[in-house]
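Shared chain: chain A. Partners: chain B in the first complex, chain C in the second.
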Partner chain A sequence: MVNPILIIAISLFGAFFIALISPFVKRTGKIIAFLTIGFDLYIGASLALKSLRTPVIAYTAGFKPPFSINLVVEPFSAVFLLIVLTIGFLISLYYLAHPGEEPEDKFFTLLILNLMGASGIIMTGDLFNLFVFFEITAISSYALVSIRKQKASLEGGIKYLIISSIGSSLFLVAIALLYGQTGTLNIADIAAKLPFINKSVALVAFLLILVAFFVESEIFPFNGWAPDAYQGAGEGISALLAGVISKAGLYALIRLTFTLLDLPLRSKLLIVFGIMTFLIAELSALKQKRVKRMLAYSSIGQMGLVVAIFGIGTIPALKAAIFQGVNHAVSKVALFLLVGMVIKNLGIYKLDDYKGLGRKNPLLGLLFSLAILNLLGFPLFAGFWSKLSILLSTGKQGLYLLLSLILTGAIVEVYYYVRFMKILYERNEEASHLEIHLLEAMPIIAMAAFIIIIGVNPGLITPLFEKASEAIFMKFSYINLVIGG
Partner chain B sequence: MTLFYILLILFVGGILTYLGAKISKHLGHAIAFTSSTLSLYFHSILYGKLYGFTIDIGLFKLHAVAFSPLSWLIGEIVVVIGFLSILASFKEKHSDFYYLSVQFLLAGMLLFVNAYDSITLFLSLELVTLFSFFGIWDGRKESAVKYLIWNLLGAYFIVAAIAILYRFTGSYFMNEVHYLGKAQKLVLFLLLFAGFAVKSALMPFHVWVKDAYRDSPHSFTALLSGAVSKIGIFGYFLIMFYTFAKFFIGAKYLQLTLAWLGGITALFAGIYATTKDDSKELLAYSSISQLGYVVAGIALATPLSISAGAFQFVGHAIFETLLFFTIASVAYRTGTTRMTELGGLIKKMPVSFIGLLFGIIALSGIPPTVGFPGKWMLYESFIIEGRILLAAVIFTASITAFLYSFRLVYSIFLGPLPSKYEDLKEAPFNFTFPIIVLLIPLLLFGVQPGIVLYYIDRFLSIFGIGKIEHSYSYIVTSLGKFNALYVGIVFAAAFVFAFIVYLLGGRTRKVHQFDNFTAGEVVDESYKLHYVDDFYLFLEREIKGFLKLRIESLYDWLSKFVDGLGDAVRRVYSGSHGDYIVYLGFTLLLLILIYGGKLWF
Partner chain C sequence: MIKKVLIILLFVLLGLSLYSVVKYNTFGEDKTVVARHYIDYGMKETGSQNIVTAVVVLYRGFDTLGEVTVLFLAATALGALLHGLRFKSKEKEPSSLIVSTAARYIFPLIILFGTYVFVHGHLTPGGGFPGGVIIASAFLLLFLAYTQKEVSEKTLSLTEGTAGILYVITGLLGLVMLNSFLANFLPKGIPGKLLSAGIIPLIYILIGFKVGAEMTGVLRNLKEEEK
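Right, the complex of A and B next:
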């Protein structure tokens, strides 16, 4: 039997193995990281497949919950686990041919730990355990963001550290409040006892958790750290932020507000903050002159959109939100990795410096265009279906204002991305030729293939999202699953 | 399933063209030619049949059914013009991706006119938008971006309507809607109408047309104007006589408003067209203006006016495409579309001249061409309905059509020939073939309008609108009878007579154009013998005030506003972590105060 604990164990082993052998054997970090994360992905994928039939629960210390810490993989967490591990795996594949940040061994140790933390957040069924994994992810992220010894990286890292640690301390207070009321830390157990908790305490705990994970999932006005962190970090790490770290934060936000503290005001708050983030971020992206910063704002905007759609809370909406989350992860990671390839070759950061690059390097241009068109939701690409599902589910609930705001933001988004595409394909004789290592381009080509296959036949993947959305929608099935009915 | 195979041919053909062109340009051309020919053939044999398909893509089921006779008609227009446009584009310089875009675009349009559910409708609409964007992209990118933003705006109106419709009907089919309040129907109808209005360039959503038509590759412009604009027209038919049929037939005020919108579009666009120097810009406005007639006709919703509108859009597809092809051939040889730089090409490019001549004759609605019966029916229907003022507006618009058509033929083909064009030849076969092909229906439908009208009858009877009395040659209305064949014969006889008079007339002596003098001076090329600069200066002077009224300035202001907003919002991210902590703390406090308040006080 595949045990979810293997992901944690293997990752820890891999991470410390790098540290152990690095003094003796140089430059093995990336290979060990690749193998470890590959193995994680294998375990994660088999767990996910299994969980679609019967959810997987692993107990520690031989007791049943609520007396022990448990790991739960049910369809909703399975989808997020798959996203996080696949993206992590593709990033580690990218780093096989792409130089890692210096010092390389520490970098890859942190990368593995970060993914381990993210998978832990997704799998754990225990509130305090979640906090621990959250801290592991967050602290390794600070280090990963600022590992490049440049002013921008350090600045991004320190801002991330300050804001995020405020968030995590708020989370800790919330845990304490809930523990004081219920005497348990098990998520399912607290959820079952929710009707007996003092209303004010529940409310304050809810708001604290909301803010804590709004910080992680880059929701305005708690996302001040994000543009700087994205801009300062190495491109692979920006991809990690967009595809893994923010997604883990999103998972925690949704799990804790849907299952743990299922308060009616959730819907309104998620929608309002989500759509506000979407609009503000898209408008901010409009005037950016640096590619990475533009992508950062777009990333924030997409997270806002996803959160807003989660806020609607119906099964079609949840499905659409998950679908959009996957598409955003794929597209944005591809874009950041491509930008990384450009920076490695040419060392350019500004939008205007990209003039004619796509025309000169057809493969680069094609991949950039595919990722952009997918993000903008054009047909033949997966993004079309997710955006359509979003609009339909929003309309179905009669949220016309939200519908029109989404469409407004989408127009702005189209404008600045197409402008970027225009720059890529402008006539420019002096545009440089890029050396693209095939291995380096491999993860992006894989993502492009995913985008097109799902774009032509979305039915291949949507049943998965359907199950996931049903799983998160019915919180009692989760409670029953963990503590037994 | 034939339709499905046609789409497959176009999609696979598009991809193969792209890959084949990487090996050799000719291989790519051959594949594109084959796939467009096949799609033309297979679509043509669908005439009069019921066809369609359903595929399940998991998330949704896509239904494409030729539920309206117009589906085949517009589909046929699409494949014919598509074929001609691809043929002509072989002579132009294009990127490999261009041919893929054109074939995908054709597939998208075919899917659109057969879309039976709103998902397929929106999917195909977005396909059309995206791939016509790539077609224009091959010409000039700024215009393509403008096109994309505007057309996406239209598509977003439509998707919003689809989402709301789904909420109330619980179904994705575009069937007639019942159980909706009048106000809801009106809002949904207007949302959909606005969406299609962007595609068919109805004012005030027309501003993208000038740039897109001017800057797109010349053979692609013919496709844009001839076929892509018909998408919007098909959409009007769909919502007016199918989805919202009962509502729309009963809503007189709405019919009249939309008809006036069409009339005003026809007039204003006609006036703008007279002031343009670039021949493609001129034709762009002319295209907008002609589609305004169509809208005015179908919005009035009587059997005669609908027939008039439908006939007019078939005519528009023929003559506007023809005109763009003639401009394409001129531009292919001379490298310019600006009328002030052209002149005297009549002897150098006779086929193009004949094409353009008949094109403008049809455009101005003169028999024996396809332009006449449609306009005649349109006027009759306005008069029968008592809409005299609207008829007057449309009539004035026709006068502007005379003005700009005359400018077009005069500035390009008449007058002195610039010496740099002395050695010019007629455009190659790829351009002359479409011109000759399009001349056939242009004249045939002009003298036998019944060919088209019998087809339109099917539409009228299936959707229960009524019928008009006609045969192949004549049309009868309550105001009288018009026999296109007789009129055609009379015009031909008059022409023959005039020609005989010309042959019998006084002796002529041929001299070189510069073997000439004026005011006692020998002229050279620096002195323009014909009038091209500021062609309609006298007119422009009179309407100066009107020309200053540009809706574009409103849009410019709006885009500047959004830009400024972006700059302002960007500053929220001040970069100081102190600010961010304040944001965080303040919002958290605010939340606790707002929501905690209920519990505490």
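Right, the complex of A and C next:
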């Protein structure tokens, strides 16, 4: 019997175990983190498979909700759980051969707990419990971003800390307002009582939640922290920000605005803020001289695009948004890890320093190109199918202005990424040769394989997204699932 | 200038919108749904005389495990960020005879009081978190009174890690025996007695140890200086 609680329990066990033995046996964090996260992924994958047939619900403390906290894994949360844990696992695999940040044992403790927080956000069925896991994810992220203790990482960390703390206190106020109205904290229970909630209270709570999770999912104008955090963090942690932390924030944003407070206002706000983020971030990426900062802006832009598509709210659009979210996670994590390998070997940060690297190191160049082409939606890669479904679902709704703005942003994106690829393959005799550790490259090769396999046969994965988008679209089936039975 | 005006406007807007809705949430009136259930059935269902404790440790025990993790994270993060940094401090004056003598007598009393607070969490106000902090304050007194005094990192990590792992195991035992994580698998006993409320005192003792060790660790990290 797989129980979602096990992910939380095992992660805590791993984290406390590192704390227990680290003064006696140093440098075990790496291995323990790898094993713990591997186990989490195993549980998460079996849960996800099971939830496609029947959703999994776990109660805690021996009482039924709304009196105690429950965890729910249904197809929509299953997809996000899979993204987060798979990416987390690949990052921990990468760190097996890549030096972790110092102090290493504490770094890996933070990494385990960060993933636990993200999985908790995705699985919980309780509003306040979501806040607790949100705090766990956020606090570990601040520390992971600033652990390098260089000027840039401290700057990123402290900006993130301040903005995200304001966001989380707004979220807390929203929880208090909703609890005052309904007398319960269970997400399904509150959702069922939405018609009885005072209209203006619901509106204020909705806006507070929106702002809080716009901060986490890097939506303009609440994303001032993001470029600095991405740039200052270690490359593995930038990958974590792109593939795990922002995805957990995105999940909470969607779950709370689709299931908890399903207000008609949502659609407009998500589309407007999303597309604004997409355009501004892509234009900012265009003029960056540093690779990591360029990728950071591109990451923010992608999050904006995904949020805007979620805003359309039809089943094909939801499906497209989820698909694009997955593709973005895979590509961006691969890119950040590759940049990490380059920095470890050569210590270069600027775009121009990459001149000829791809020509000199064929494997590196190939992996870079695959990840970039996938992000751009080149035909026969997974990204092509998600970009195509974005355009189709937008066009179908007659949102032609949105469609043209998406295309504009996409053209800007193509321009700076192709420029980057051109630099990679430029003729340069002085380009250095990279020592690539196979274990270090493994996670990236795995992601490249995913990109190609899904690109050739998207039918392998689209049924999963279909189920997920149906699950988030029909909020009453979620309510029935939790408090009906 | 425009930026500042905008910020002020934003805060005024936030304040106004909150002010306009707070009146719809009536405070101090009869409790509804979940809170009503806790008040009416809390003692019967959990065996804890202190209903707040019953809510914190059992009904919403999963949140409490999360809060314990938040504290653990904060301590770990602090340790990680201070790692490798050593602050120069002024030559410390040894504390006066009065402080060091008094500390010797007060230290065990504070520890005793802290222990009392976390052992009686299910009966009286308090519990693992305040109990643990009280214990840490005893160590703070020790650090102030005897500037050379050290608490070994090994002892702290051992206490912290063991208490955390035992907490998780307690939760898992509930999962194994009653098919629900953190469920009470021990007899409830008679409310009001020291040995009652099943796993609540057990969990609060573990939290007491964990919080005590963690907060002491934080103090230790902050007082460490250039060697």
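Criterion: the second predicted complex is superposed on the first by the 484 of 485 C-alpha atoms of A that agree within 3 Å, B and C clash if a C-alpha of one lies under 4 Å from a C-alpha of the other, contacts with A are read in each partner's own complex, and residues count from 1 in each chain.
By our rule, contacts are C-beta pairs under 8 Å (C-beta built on N, C-alpha and C of every residue); 3 or more make two chains touch, one makes a residue touch a chain.
Predicted model only: the values in this text are computed from it and were never measured.
Engineer: For A:S469, using the defined touch cut-off, is the partner it touches chain B, chain C, both, or neither? Pick first, second, both or neither.
Structural biologist: Neither: A:S469 stays clear of chain B and chain C.
Engineer: Which of the two partners, first being chain B and second being chain C, lies in contact with A:Q181: first, second, both, or neither?
Structural biologist: So A:Q181 only meets chain C here.
Engineer: Touching A:N327, do we find chain B (first), chain C (second), both, or neither?
Structural biologist: So A:N327 meets neither chain B nor chain C here.
Engineer: Thinking of the overlay built on chain A, is A:K287 touched by chain B (first), by chain C (second), by both, or by neither?
Structural biologist: first
Engineer: Going by the contact rule set out at the top, does A:I163 touch chain B (first), chain C (second), both, or neither?
Structural biologist: After superposition on chain A, A:I163 lies in contact with chain B alone.
Engineer: Just to be sure I read the superposition right, which of the two partners does A:V204 touch: chain B = first, chain C = second, or both, or neither?
Structural biologist: A:V204: touches chain B and chain C.
Engineer: Touching A:A9 in the superposition: chain B (first), chain C (second), both, neither?
Structural biologist: Once the two structures are laid over each other on A, A:A9 reaches chain C alone.
Engineer: On chain A, which stretch or stretches are contacted by chain B in one complex as well as by chain C in the other?
Structural biologist: Overlap of chain B and chain C footprints on chain A: residues 200, 204, 207.
Engineer: Contact residues on chain A for chain C in the complex?
Structural biologist: Contact set of chain A toward chain C: 3, 5, 8-9, 12-13, 15-17, 19-24, 58-63, 66-69, 102-103, 106-107, 109-110, 113, 116, 120, 128-129, 132-133, 135-136, 139-140, 142-143, 146-147, 149, 173, 176-177, 180-185, 198, 200-201, 204, 207.
Engineer: Going by the contact rule set out above, which residues of chain B touch chain A in the complex?
Structural biologist: Contact set of chain B toward chain A: 56-60, 119, 122-123, 126-127, 130, 137, 141-142, 145, 148-149, 152-153, 156, 159-160, 162-164, 166-167, 562-563, 565-567, 569-570, 572-573, 575, 577, 579-581, 583-584, 587-588, 591-592, 595-596, 599-600.
Engineer: Across the complex, what residues on chain C touch chain A?
Structural biologist: 17-18, 20-22, 24-27, 31-38, 45, 58-63, 65-67, 69-70, 72-74, 76-77, 79-81, 83-85, 153-154, 157-158, 160-162, 164-165, 168, 171-172, 174-175, 178, 180-184
Engineer: Enumerate the contact residues on chain A facing chain B in the complex.
Structural biologist: So the residues of chain A touching chain B come out as 158-159, 162-163, 166-167, 170, 199-200, 203-204, 207-208, 210-211, 215, 220-222, 224-225, 227-228, 265, 269, 280, 283-288, 373, 378-380, 384-385, 388-389, 391-392, 394-398, 400, 403-404, 407, 410-412, 414-415, 418-419, 422, 425-426, 456-460, 462-463.
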